[in-house]
């Protein structure tokens, strides 16, 4: 039984509370938020659990083996580092840290101490994303040509980060999980419509080897909610619509066939295939439940999580590069080859 | 009664034939295609109309006052210029010409001769796009923040042009019509998945004054068909879904309100509004029918068409800039201020 | 502060617990279920609330002013009657009772004792249904011609009741609320696909005065979930789709106009109107929250609830008539004029 | 080459003209309508084809081997009988005849003369309906439990027939083709909202052996267009949505499993299965093109068509029974066992 403390009880924290409380291998020990009203709400729901406004009381509690952090991004590094330094395993809400340099230091600290550092890339633990990962790994899509993701709605304008940090992190973490390939360069554009505010619309193009191209559209100011990602392969294509209640993944037996006959090169180069569509049954378990189970398991066995610090760091690096490109209105940012240890 | 000849009977030409034949003010005189099989098909449908494989028989026919051209793009300039030189009014399928330099020369020739030069920006003549134009002109959207258009499906790979020339031209012509503002710069990315072929996926970001941003996504390799454009304003937003059978335009009374109270600047900056949605009844007339009627009217009255050579040229210039940016993987291309005469 | 006890903690009971616990005017005193496991689950969530397997401990608790009953239908009458007899106000899950005779007795008992008897017709308290009620009351639909409701999915086969008692009760209670008219006769058909089981598919036609016709389709064995009701009027029509996340109500300015010119009687009798569509913004509050607030208010003020015993009884009578008709494969069952006191 | 004449050039006739004209095995000889304007329109499109206002000129033309009839229903019998009497093969638009007695006589006349009598049950020739037929025939749905069809929109009010004759005929003809079972009884309800007019809303329940139940909802007065049929089996279920552009047929691996363990009879009787969904690729050929080809083939080979007079007669009998039931507000009408020759 792993004793867990949760710091940060805003939008996401209560979901952590509930899933930690109901996890067979975990024991919810302490809840923490600097805001008295958020704390009171949680205390009313979990009267038997210790509540405190001081994160130190979580981090230094010897009955606590692991800390889950769901504070604003700006606090991620400081709290995670303190928890690691106190010998606690750490689960941090996405993104891992406000900068890749800080993310790097968290990884090093966890490595040095032999602690689990896991980032809460929640979508990776959904049945839909795991199915996409399995489909891509099986090779049945053929060569992957592109992915294209749209994540827009009339969303909460964040005060400390722009829409890339808030929303594109989801897409980047999904792609980091389902694709073995890593992007080589990024070009991004975007704009802020609130004076002095962060960008609320952004477009990212990611360039990979072998003509694979990725694109992500995030927007806090859309009248309708869209959560749709296309994966286009030479053999099959996937449409992932997260708003569909039951058929979130559709696999299309559609594509083109290229004519390699050199004599016909000036005639028809491309043929079209259209076949059946198939929507596989998906695991409907709540992602956060699966994720907390996986975290507990990693802590108990000392094994690295699927969404470890390195995946968290790769995502933060992409966000930094995209923000730099966006500031320069689409200027291409090459991504350095990752160091061996990453 | 305007005598009209149609050159080019491939995919789009038969639609021109039908609408010219049924237009009260027009008389279909001659049909022309170099391909005998296309010509035979048309002749079977319109047995009383002269059919020829020689464009010269259209251009030089004194009973013909106007020529409609629906050939491959590479022939647009040559044929349009010959027709103008022969004193004919000209309707050219989009895009106006394969280069802005040639587009410029067509405009000059038509101006010098006092002839109508119209480009077939078909969507401008739909009830949906005219309604969007009216809504934007009325000011009820408030300040326009962005537009975002997606035009993808498993489409015919073109052999002579890339997907921007083929599909994005539709979006650029729609925006040219509904918006008074002109873009200042463009950044585009894209890729070809056919060796030696033209780009089949492309993303365009268009920068305007006053933080207005536009984005266009075109793709010949998508498993599903999407035709959707968002227009986001400070007061209202529009979703235009061209695949909806009857409710193509939805107007959302949604948006954000900015808090200008300087004392509260560090607190909540943004408020949210969500109100009714409204789908106006649209004119359901076939766009090409409306367009041919407008062309005939312009020829008879000597008035400039809504989609004249200048709008055609603006679109071609944007396409050229986008292609240049795409070749440089997103490099920003500034758009020169248009010359006074444009 | 009204002390409330909840009896029955199966599917719906926990929702009652949560809404009673969070209601400002109510105090959750006791939770009751004969099943130890259900009781333990509730106790874990509300450790400070008394839990018992004996309904008598709820009904006879002097600190409790009102009892909410969410047991199987077969227990509704016995428990509600005992609670009324003990001087408690009562909220019963739908349907009010397993028979109209028992429903009648509950009403009489509540009347005699001056207690509130309310039936949990939850949909009546949704923003959508209240908006439909307001639209119909305003007269803007013109003469109402028909309503048509479909409520199907792969649903839980109930063991004690058929699909009319389980699902059609929702539609009947909605219609009872939004329409002033009462049906005059009913014809129903249906079938059971489980040997010895209750009907799992049913179709109800309800006949009203003035050519108003209603129809309800309920089905536990459908591969897709559908929750859609049409209201067709002479001036406007409503589509209510409860599965739409935000636009649950759409009002269509569509209809027909009748030609009363006697000379043209053999020609065109009917004209068609198609205008705008409008989706009003709806109150998004949880229905059960609104409902519990209303119940508390009625108890405090001694006023009759919107969904009182009489509405509950009208629904039960319709269900009985529909079941009788279904057993006779569609035979028309005339509904007696309600007695004056009803 | 079969010489064909077409009588009736209203809504459907022009589609017949086009498909006959383009059919390889047929030759369009004569077009006929009593209305001069309809005839002129057709003549403009097919200048080389003889046009006449006198059906006799079609029926008695020795160069014509087959007559296609697309007049109002009231003329079907008279014209078809005259054509058969003149030795012509006949294709009649649905329904076969205004009464089963007349339908019977047409069958007898065609049989006696050895002529092809085919009814234009167009949907039977779509890729979607043929796929449903193949799926049902393969047995992979298991036991069929029910079908449920909705065919509603703001449709043209017909002057000579009610909505069952106009719309339900489509559903009845589809079911007649895809199901081997024949209904034993029917109960129908409906109403007219136009004084003195035919019913514009109707509901049909069809009872079969083995607890199979069918239901059809037709409505000329709905604000939205719905064309959806469910087929529910013990193993799989089909959703057929004719308005879907490409995925008209979805096959759901969903259902219930019955627990036959007598010891557990009072516990859980029913288990639930939810698996993949599959949308097969369909033949996208125009139904009428396939149908005309089939008609020509039957005439040439002297073989009976898929939609012969007997299927037309079965549909007319069902319509008559449904109308009788509707007039008696749902009274059950038993369907006589068909005579051996039918």
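Order of writing sets the chain letters: A, B, C and D. Residues in each chain are counted from 1.
As a working rule, a contact is a pair of C-beta atoms (placed from the backbone, for glycine too) under 8 Å apart; a residue touches a chain by one contact, two chains touch by 3 or more.
All figures in this text were calculated on a predicted structure; none of them were measured in a lab.
Counting C-beta pairs in contact across B-D and across A-D shows that the higher total falls to A-D. For chain B, the chain with the farthest CA centroid is C.
Chain A and chain D have Cα centroids lying 52 Å from one another.
Per-chain CA centroids place chain C at a distance of 39 Å from chain D.
Centre-to-centre separation of chain B and chain D, using mean CA positions: 42 Å. The residues of chain A that reach two or more other chains are 274, listed in rising order. Interface residues of chain C, counted against chain D in their complex, comprise 145-146, 148, 150, 154, 157, 159, 185, 187, 189-195, 197, 201, 203, 205, 207, 211, 213, 215, 217, 219, 221-224, 230, 232, 234, 237-239, 250, 252, 254-256, 258, 269-270, 272, 274, 325, 328-332. Interface residues of chain D facing chain A in the complex, by the touch rule stated above, are 247, 253, 274-281. Every residue of chain B that touches chain D in the complex is listed here, in rising order: 45, 47-48, 225, 243, 245.
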